[in-house]
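What follows is subunit A paired twice: with subunit B in the first complex and subunit C in the second.
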Partner chain A sequence: MTTCFNEMFDDGAVRAPYARLEDWTRSLPAGLRHMKQAEAEALFRRIGITFAVYGEGGDPDRLIPFDMFPRVFTANEWARLDRGIRQRARALNAFLVDVYGRGEIIRAGKIPAHLVYRNAAFEKAVVGIVPPKGVYSHIVGIDIVRTGRDEFFVLEDNCRTPSGVSYMLENREIMMRMFPDLFRENRIEPVDSYPALLRRTLASVAPLKCEGEPTVVLLTPGHFNSAYYEHSFLADMMGVELVEGQDLFVEGEFVWMRTTEGPRRVDVIYRRIDDAFIDPLCFRPDSMLGIAGLMDVYRSGGVNICSCPGAGVADDKAVYTFVPEMIRFYLGEEPILNNVPTWQCALQDDLKYVLAHLGDLVVKEVHGSGGYGMLVGPKSTADQIERFRARIEENPAKYIAQPTLALSATPTFVEDGIAPRHVDLRPYCLVGDRIELVPGGLTRVALTEGSLVVNSSQGGGVKDTWVLAE
Partner chain B sequence: MILTVEHVTRYAYDAPVRGLVQSHRLTPSDSEGQRVLDWDVSVSDGIRGGRFRDGAGDVVESWSVTGPVLAVEVRVTGRVETSDCAGVLRGHRETIPTACYLRDTPLTWADSALRNLAAQAQGMEPLQAAHHLSGVVSKAIAWTPGATQSQTTAAEALERRQGVCQDHAHALIAAARDAGIPARYVSGYLLAGGVQDAAHAWAELHVPGLGWIGFDAANGCCPDARYIRLASGLDAQDAAPIRGSARGGGGEVLDVTVAVSQSQQ
Partner chain C sequence: MLSRTADTLFWTARYLERAENMARLLEVGARISLLPSVHGYRSEWDSLLQASGTAEGFARKYGEPVARNIESFLFFDRDNPSSVVSCLTQARENARIVRAALTTQVWDVLNTAFQEMKQLERTPRSELELTQLTEWVTRTAALVRGSIGATLLRNDGYDFLNLGYAMERADATARLIDVKYYVLLPRVEFVGSGLDNYQWMTLLRALSLHRAFHWSYAGDITARKIVDFLILNPENPRALRASVEAINTALGRLASRYGRQMDAQVRAEAMLAPLSETSVEGIFEEGMHEFLTGFITEIAALSHQVWEDYLTGDVR
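The block that comes next holds the complex of A and B.
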């Protein structure tokens, strides 16, 4: 691994945004630190914030490790990220309205038709639909990595149901409870308006047939889902009902919720269920999680579904390559945040390059998520690389590859003190009648020394993320 | 030709159902080959839901029934004026890009036998290839009611060499897509005389310059004035005229009668 950018120490000196944190760490001897760490863990347990890892079995109530050392951005750094994220969220939504409409970007030859129309995430059932306010993806989670003082890259976009925002809120809450002095000494932008902004965003995209104050619900697949804690947390914070498929039904032109006072009409559904399971009459007929007839109500303007079915075609890893093109095409602007250079194994020349440089690259499945099914070349054995090579050769179109980036590192509490660990950032951009972005996001940290995989399902942890006020 | 349709679907349940929701594509759209004179869909005790035209140009209408009920009847009656367009679908308004119909589904996945079949069309012009594949599928699968079920895949039907119109359509669609020709499943009615126990189905293949062309491999022909087109999709499930779901209740017994007759002007 080449040297990476350290967000606290640059050229041996402490960078300004971290200055006060240096004093803080000096005032925190190992004994006190261990006590605080135990206190933080007890708080997380008491709140009940846990994360079950897909496909790993074991303790379903495992905590995501929380690192107390905050990650800090200056007001200037954030201003640029903020503009870049909003720009991207606008372009992704313009793309979705376009590809389910006239497909101008494809007619203009900017994106190959097959990448969109033959994509498993392209839902032909919603062709021709322009959702309320022209928004398909209402919560856009954009994964960003840093490689230098001014170098930020977007790693991927999440336009369907990005998770993790409850950690952003809880991490802050717990830090404020444990270290109130830190928040007096530093001027840190608050993030606690997120639930109210989310609620506002959802209400702003009420469907055509809704009159008056819209009724919003959060639809969860149920308590066995790994993000169930977040579903109940967000519903609670927003003051909306948390429902499962069986709590809703379709009658006439509308969707209704069973309540003790009788059925109540539902206008906006913030769903945390995949498209495939949302309506057995339109998608998978064997789904037990969805609501029969929901899509007909949606398509005739009786309810809105957030994010809208079909939004996934914009965050596919093969489509990702074209986001800078979307920004130029729809907004007439240059991208503020850059993509990571990406090789498409579906293309003959790219494939040849990828197979010849497997040891240096990160290879991912086009439809994969959660850090599963990927190869980190420099961290893999010759045997692992050869096995992965066979998988790529079998179905090249399933894979993309990117250079191994020297992800920035921030100081992190480890067993014997403080050490740099690699981090990424996922801010949550809200898109409704206007675009909202709270200053901050979820910082994920690879706790293992040298590791570049920050996914919580692969042993990553989380940190509080600060944006300093001017 | 003026065709009169009477299509009745009856659902009977062992135990009362609490409620029922259906999504219908039971109303034909106007195109050059067909003009709807009158048409009516009714559902016993049903509440009419949203109605719209989808991206495929098909009329979608949803219905719900508030239980408890032991039986539900869906009755379709109407008259359509048809003409022979040699199978070519003209004047049908739709917006779904044809490339979408190159995607396979579990029911239309091409195994090696279907891929071999598709390879026979190699080097042919698309129109010639479409006719050729339809002819090959016609010969490969003998019309045998009861040999297959609704969940039988194209590959299974071809292996059995027996099936009904659904299987012919699936096999032709699978082979066509493998040969790079966009293909879709079409459900509709056929003037066949007497009372049938199911509606009809065929395939449409997309040929540049001509557009969508119907191929009824089960009958070895292209749709003509005897056909009424209802709806299309990637496969039988996706193009089903009725998709429904009941809450509660036990087993369901389904009874379908379809009568298509030619009426005097």
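The block that comes next holds the complex of A and C.
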């Protein structure tokens, strides 16, 4: 593997945005650093910022490792990312309204019909529906990797219910609490307006029949869910009720929640459960998490569901390849952020190339997530590669492949000092009557030396992400 | 407020109060067992199991009542739903579910206690004195209660928490008196004996009330005075009367907040009258056991009424 771009250095010299951090690390001897690290962990644990993993034994309250070394973007770098992310969020929503409507992009021959209509995430139940303000995906998480000074790529889109934003907010809180001087010396754009913006966005897409100030709720699968902390945190920060399926019911034309003062109407549901579980009458009949009849109310304009059912068809890894086409088709613009070149194993020529170059590529399942079920060619043994080859041959359409990118690295505290570790970035773009994006996002870091897998379920950690003011 | 949130807060408080009462009961057992054997009768620890309603579960798991096993069963055993560890785990899990309805301080105290509890569980049992454990529980309970009082908004959530505390305490105190009267004392001819008085004093001590008792009542310790103190005395925070008053306060606040009176308020008010009008003589005439059984039944019925009125989310 070639050497990767270290975001702190350029030709051996410290880059401007990291200059003050270099002084900071010198003022932080190992002893103090270990103390601060322990303090951070104690804070996380006391506040209860854990992700619960049930059913695997061990401590159910796990901490995501937090690295105190911030990751920094300049105002210029961010300006470009900001434009690119907003552009993508607009195109993805235009695509969703289109494919559940007339399907112009398919008639125009820009995307193969089967990729959309035979996609497992394509929801027949919402065909013909244009949700309020024409928005299907209200929170778009766009995973971005960097490979050089000015080279950014979109790795994937998350149009359903991207998670992790609570870490973006809490990482900042903890850093400000532990190192106030850093924030006095550097001019760092704040991110704490996110919950207010999220609430505003959700209220802006209230359904047709809503009168007055809309009642917004956050629907969680419950306290056994690994992201429960985030659900509870966001509901609290927004000042909305955190509900479970059992708290809601359908009566007449509306959805109601059970309160100590009797039933209260609900207008907007920010749901953190999958499509398949939200309404047992419409989707999985065995779902205990959903609300029977919800989809009828949704269809008749009595409630809005964020993100709307069916939004997942836009973030599928096979559809991903066509996002640049969407941007050109719907917006008449050239993509500001590029895709990673991708081979579709469903296509004969691509498949042939992939099978011949397995040792150099990253192969992923089209519907996979969380870093599971993937092959990182250069990091795998011949045996692992051969076993994966058999799986691809069995069902090629299930896989896509990408070149192994030389992901950028940022300085990270490790056992014996500071060392570069690979990172990615997930900003959270809010789409309602207007598009909002707080300057920052969640930086995930692969803590194992050389590793490219940043997922928290596989030993990844998180960092505070700074965007410097002009 | 979401009905489920109210329900979860109510149970958070009940579990906290239950953990504390269990710890106090353990203290009673430990002190009574220090008493020299009377007429060869030494089954105080067994009485403790009877008092906590866990005798059957214990017999199934351990067989013969041995002090160390009983302590473990009532404090640490997760198979025992009433053990201190089980109750605190439930309380903390409930609090986690309704984190947003609590302040950071309340959560912090409860969550820190939970981490300490896990530390205690890892400590070899031989290094832990029982008093050390029970004191830790009462201290934790006081910290949680204090941070609720000092930091929580006086909203409906606060009322449901207080309702949970008061109902659990009313129930537990009634059971404790009943058990003292009918279980702890080996035979009826011991009433009024040295053993009887010693047990009462131990009970007061476990409730942290022994000095308060002496301030309130002069002269000899008699069963009558103690019954008056634990049931009717309006100054005693653990007396049944105080618990029922607290229940009425919480329900009254809910009625005025929501602008409507429910059946629960009517029921709760009806429970207060006999406690403020009856004398000790009246209770002894009715029969102490009958009085207490009736009281416990009323509390259960009230609990159900609260559920129907506020926690189903179905009242129009």
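The rule is simple: the second predicted complex is superposed on the first by the 463 of 470 C-alpha atoms of A that agree within 3 Å, B and C clash if a C-alpha of one lies under 4 Å from a C-alpha of the other, contacts with A are read in each partner's own complex, and residues count from 1 in each chain.
In the analysis below, contacts are C-beta pairs under 8 Å (C-beta built on N, C-alpha and C of every residue); 3 or more make two chains touch, one makes a residue touch a chain.
All figures in this text were calculated on a predicted structure; none of them were measured in a lab.
Student: Quick check on the subunit A-based superposition: subunit B and subunit C, clash or fit?
Tutor: Fit: subunit B and subunit C sit side by side once superposed on subunit A.
Student: Between subunit B (first) and subunit C (second), which, if any, makes contact with A:Leu198: first, second, both or neither?
Tutor: A:Leu198: touches no partner chain.
Student: Looking at A:Ile64 after the superposition, I want to know if it touches subunit B, subunit C, both of them or none. Which is it: first, second, both, neither?
Tutor: In the superposition, A:Ile64 touches no partner, neither subunit B nor subunit C.
Student: Tell me which partner A:Ile144 touches in the superposition: subunit B (first), subunit C (second), both or neither.
Tutor: In the superposed model, A:Ile144 contacts neither subunit B nor subunit C.
Student: Who does A:Gly103 touch here: subunit B (first), subunit C (second), both, or neither?
Tutor: first
Student: Based on the superposed arrangement, let me know which partner A:Ser300 touches: subunit B (first), subunit C (second), both, or neither?
Tutor: Once the two structures are laid over each other on A, A:Ser300 reaches subunit B alone.
Student: Quick check on the superposed pair: does A:Val268 touch subunit B, subunit C, both, or neither? Answer first, second, both or neither.
Tutor: neither
Student: Is the number of subunit A residues in contact higher for subunit B or for subunit C?
Tutor: B
Student: In the superposed model, how near does subunit B get to subunit C, counting Cα atoms only, in Å?
Tutor: Shortest inter-chain C-alpha distance (subunit B to subunit C): 9 Å.
Student: Subunit A residues touched by both subunit B and subunit C?
Tutor: Common interface on subunit A, subunit B vs subunit C: nothing in common.
Student: Over in the complex, which subunit A residues touch subunit C? Could you list them?
Tutor: 45-48, 223, 228, 232-233, 235-236, 241-244, 246-247, 257-263
Student: Report the residues of subunit A in contact with subunit B in the complex, numbered from low to high.
Tutor: 103, 106, 113-114, 117-118, 120, 122, 124-128, 249-253, 280-282, 285, 292-293, 295-297, 299-302
Student: Given the complex with subunit A, which residues does subunit C contribute to the contact?
Tutor: The contact residues of subunit C facing subunit A are 1-6, 93, 96-97, 99-100, 104, 107-108, 111-112, 115, 156, 160, 254, 258, 310-316.
Student: Using the touch definition up top, name the residues of subunit B that touch subunit A in the complex.
Tutor: Listed in rising order, the residues of subunit B that touch subunit A are 19, 21-23, 47-52, 54-56, 60, 62, 64, 66, 95-97, 99-100, 102-103, 234, 237, 243-245, 247.
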